[in-house]
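Below you'll find a set of structures to go through.
In the two complexes below, chain A is the common chain; its partner is chain B in one and chain C in the other.
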Partner chain A sequence: MTATIVAQQAINGIVLGSLYVLVALGLTLIYGVLVQINFAHADFVTLGAFAAYFFMHVLGGSYLASIGAALVVGAVLGWAINVTIFAPLRRKGSELLPLIATIGVSTIMQNAMLSLFGPVPYAFETPYSQKVFRVAGTFFTLQSVIIIAVSTVTIALLYAFMKFTFLGKALRAVSQDRETAGLMGINPNYLIMLTFILASALAGMGGAMLAPVLVLTPFAGTTVIVKAFAIVIIGGFGNVEGTILAGLLVGLIESFTTQYLDPGLIDIVVFGLLLLMLAFRPTGLVSERREENV
Partner chain B sequence: MSDAAATRQAYRSSPRRYAFLAAALAIAVLPMVLTGNYWQTNLTVCAINVLLALGLDFILGYAGQLNLGQSAFYGLGAYVSTLLITKLGVPFWGAFAAGVAFAGLAGMILALFAVRLRGHYLAIASLGFAVIIHQILLNWISLTQGPLGIYAIPPPPAIAIPGLPVIDFRNPVALFYLVAGFALLTYFILDQLVRSPIGETLTAIREDDISASSLGINAAAWKVFAFGVGAAVGGAAGCFYATFVGTLVPDAFFITESFTILSMVIVGGMGTLIGPVWGAILLTLLPELLRGIGDLRLVVYGVALTLVVLFMPGGLVQAAQLIRSKLTGAR
Partner chain C sequence: MRKQHVLAVSALSLIASVAFGAANAQDKTIKIGALFPMSGPGAYFGAQDKQGVELALEQLNKDGVNGYKFTVQYEDSACSPLPASQAAKRLIDQYKPDVIIGEECSDATLAIMPIVEQAKTPMINAGSSALKVTDPGNPYTFRIMPNEVMQGVDIATQAYNKLNARTAVLLYENTNAGIGNAKVFKDTFEKLGGKIVADIGFGRDVNDFTSIATRIAGVGKVDVIPTYTLEGQGLKITQALAQAGVVKGGDGPAIQLGTIWLPFGFEQKAGKAALGYVRIVQFDPTDQRDMVKNFVATFKAKFNADPTHINAHAYDQIMLIGDVVKRGAKDAQSIRDQLAATKSFVGVTGSVEFDKNNQNTKMDTIHYMETKPDLSWNALKWN
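Right, the complex of A and B next:
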């Protein structure tokens, strides 16, 4: 019985964790290339969720297609924030100004969504949440199978892209040393744009898949993004493997805290872990070169 | 001796002294000009926000530490003072002192992270701290009553000095005078601090803490000091907020409140004291003036913050200097 509960919570944790990984990977990619944080990433998640909602419930599209729609919305937003905020401020060379500007963009987006969609939560129902499988005493919904499949494929594609394609290698080169990469004939501006589009598409997608489990309001992304920040730091800023590991870990912490402690303690446990990591091992689970911020 | 006398002499004749007098006069006159409950409420909100912005500016603008946890210090001040009053029957001013001290202490604890981290890491550590405090307020139901909130928080006790009329803080104007007077006092103290060698020390740490350390400055200790002072000021704002509104719910101290305070500091001009004052006043009153456009009015915080960062990073202060130099240049 206990073994079944543990197995069930492990499944729940991994499903949730893989969604956190999608959102956190975007932050990690941007940090790796630009050493910048995008606070509006939260609202890309929210807008992705709303895009999927309207695509499905108003336009009558299928759920899988709505994930694609959210991905496109995310990608467009990523392009837009790079053009309007990060590209102009990059020339000024300040570390904190872009971060503060993205807080501004985030406030704009949240309140714009608030006046458009209202504060009442939207009920996001997918046809797959009702289909339940039973395997050895544990329950899966078809929805969670889709989440695992889509996020695993996405993360694997991203990983392969970073490791094996020329563009991916160029991207890693830029994140290691932007100037030298420039000397090798890589155009950093083009790659930075690519990173933003990729990262934000992941956020939009994550939003579409998180929507059925979130309380879908204009502020939904904020609760996800603070966890994503914790994940990025626990995993080691800018480190892809660490982010994947930490994302799954936070998903598991969340499901086991709900089972054995109290759902209200989730954020306290996650951020307690974050502060402990920052105090004792600020380079993250998988440590890497970047230490100038510590 | 003669030095001190000369300083005092210079201060007496400085425009700064007249600015303080003008501010005191403005505080005295405002509730008489802006009569009615609505405006007097807004005036007190302005004064509370000025305190919050001043506290954050001392940490962010002077010591250069990107603190996104100001909402936590605000909440701690509010809850600690209120719980002492309602649960233990501590007199208001004792509870006020405890709330301020507790928030200051929490700031110093968070500063222990700031000593090791900087930039983005500190931003996220302080944000995490704010999330934890908000969640504790929300979930420690036996103490804080969680999302149900605490009601019927009394106003500060009336002050009765023999021979003078009794000052009753149930009167909104009296409460405004109290909060605004405290904000003015805070401004005065911080102004003295930042123009003393302490201010120069903090600025040196902000510009380059490694060089500052090489000059024998104990950067870690000064960061703890700056966080302690800034958080204590935030805590004082929290104490006033609780007694002013009369009810407390944890969501008043959600992390987005930190962003609002940050907007006030940046829009006004961080690293100056007068900037955050104007930033706080502008961003408190502007959404009120825009009530006609519904929830969309809250967009002004974001729009103001983004535009200022992109086009005028020095905020209102920089804009004022620009206008002044244009005017004098044209002459």
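Right, the complex of A and C next:
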């Protein structure tokens, strides 16, 4: 019985952790390149969730296609907001202005969604949510399998993009030293734009993946974003590998805290870990190897 | 000259009397302040409360009551203490209401109570179950629904006697109301001879309840799972419990129990997972009283939807104000006094009679419903 419960909670933790990773990756990308926290990231997640919901329930699309739709909506909105709001503010030379603007964008998005979609929670059901598999005393839904599969493919693609493509290498160069990267012929503004599009697309897709799990309201994203921030810090600011590890770790911590301690203590355990990391390993689980600088 | 003087004085008197009369007519308005959550996880309360208020005002203002008309001003109290107290202060300072209705969430209501007491403005509550709202309460706060003890004692007793439940798992959000409701159930159930096999509280930021369902699946035989949470988390809990094979909706043995926290339509959103869910609702849409039938019909005509208990509660709050005005109340103090003297008000949710702490003592507002396989309700008629 105990082994079954441990296995079950491990499954639960990995599924939850995979969702956290999808949300946190966008945050870490933006922090890595811009050294800026995007407070509106949670609202991109929420918008992605609603995009997927309406794609399925109004346009009649499939759930898997709705993940793609949410990704596109996130990417387009990320591009639009960067062009119209963040980029002009960055050109003014202040780092504080774009940071404050993310708070403004977040408030506007939340209230716009409240006005458009209303306050009543939406029930986002997919054909896979109720398909339950029971194996050796454990259970998991087809939805969980999709979450893990999509997360794994996304992480692999992102990793390959960052490691093996010219744009990915350029992006890493900008994140390590924007000025030097510029001297090497890389256009930082173009890369910043790409980062926003990638991060927002990931947030949108994360929203579609989270929607069947989340309590879907215009404030849904805010319930996961604090954890995502913690994951980014635990993983190492701006570090993709660290974020993946930290996301899975936080998911597992939540599951096992629920089982063996109390779900009311989850935040204490997670944020206690965050404080320990800040005190004893402030660079995070996987620290940036600065000697790799161009 | 003297004639002209007399004429001028007469004309001025006439103008003054007409103006005074007009002002008097304008003054014959009862100002109602509404503190409802319009944002955050409890925002569905506010949206539905508003519908009930609008319908009641439309009916009361058609002919007025004792020459009085009723106006309302809404403020977003967000189901949370800080925004609620700020909204209450803003409402009292700027709108100066004769009476306030709200809040829904106990923590928010408890935060507002000292403010309305200081302003000597009566407040009618229909959504907060925490005992402290009326015990000790204050002279200006009235609650028309059963408190957590009345609901908790009743549901625990019914679970033990009618469902033959002997083991229970408590699931509740870590708020005043959640903790309080769970404690009352625990005390009563244990006193009757039942056993609590797990006591699980959680924050409002928890989204995934699979781990909690896993834990419950591992505690052994569970007969009932009293659950105290808002709609969004409630949906996820019910679905997770079904996936884990714990409750009837997932072919398990346990019956989930709920109170008035969940709005109507919950079962349709939760789907098959809600099968067998037994919960208290404080408005029975199948009630055959003319008053209820009229309410359902007019609500449907106005909003093209069936009314929920939240709609009905808000409707009753306004109708109770109409009732006290009919009995002679005309300002904050007399509304308070007449509310305290209420003996025989009958609303669509049930009847109202306040005890010395301004708590409604009537139990006919508690209706038990069981979710059938087609997700409709079976009225259990336990009270």
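The rule is short, and it goes like this: the second predicted complex is superposed on the first by the 288 of 294 C-alpha atoms of A that agree within 3 Å, B and C clash if a C-alpha of one lies under 4 Å from a C-alpha of the other, contacts with A are read in each partner's own complex, and residues count from 1 in each chain.
Here is the rule we use: a residue touches a chain if its C-beta (ideal position, glycine included) is under 8 Å from a C-beta of that chain, and two chains touch if they have at least 3 such contacts.
It should be emphasised that the depicted structure is a prediction, and the values quoted were computed from it without experimental measurement.
Superposition of the two structures on chain A shows chain C clashing with chain B. Residue contacts after overlaying the shared chain place A:275 against chain B, while chain C stays out of touching range. In the superposition on chain A, A:82 makes contact with neither chain B nor chain C.
Of the two partner chains placed by superposition, only chain C is touched by A:141; chain B is not.
By the document's definition of touching, neither partner reaches A:66: not chain B, not chain C. Touch criterion not met for A:18: it reaches neither chain B nor chain C. Once the two complexes are laid over each other on the shared chain, residue contacts for A:195 go to neither chain B nor chain C. Shared-chain residue A:230: touches chain B; no touch with chain C.
When both complexes are overlaid on chain A, the residue A:114 reaches chain B and chain C alike.
With both structures placed on the common chain, the touch criterion links A:262 to chain B and to chain C.
The superposed model puts chain B in the path of chain C at one of 4-12, 22-30, 76-84 or 148-156, which is 76-84. Common to the chain B-facing and chain C-facing surfaces of chain A are residues 114, 219, 226, 262, 264, 267. Across the interface of their complex, chain B is touched by residues 31, 35-37, 85, 88-89, 92, 94-101, 103-112, 114-115, 219, 222, 226, 229-230, 233, 237, 262, 264-265, 267-268, 271-272, 274-275, 278-279, 282, 293-294 of chain A. Interface residues of chain A facing chain C in the complex, by the touch rule stated above, are 1, 5, 8-9, 12-13, 15-16, 19, 114, 118-121, 123, 125, 129-130, 132, 134, 139, 141, 210, 213-217, 219, 223-224, 226, 254-255, 258-259, 262-264, 266-267. Across the interface of their complex, chain A is touched by residues 38-41, 43-44, 46-47, 174, 200-208, 210-212, 214-215, 218, 231-233, 235-236, 239, 243-245, 250, 263, 268-273 of chain C. In the complex of the two chains, the chain B residues touching chain A come out as 66, 112-113, 116-121, 123-125, 127-129, 131-132, 135-136, 138-139, 255-256, 259, 262-263, 266, 294-296, 298-299, 301-307, 309-310, 313.
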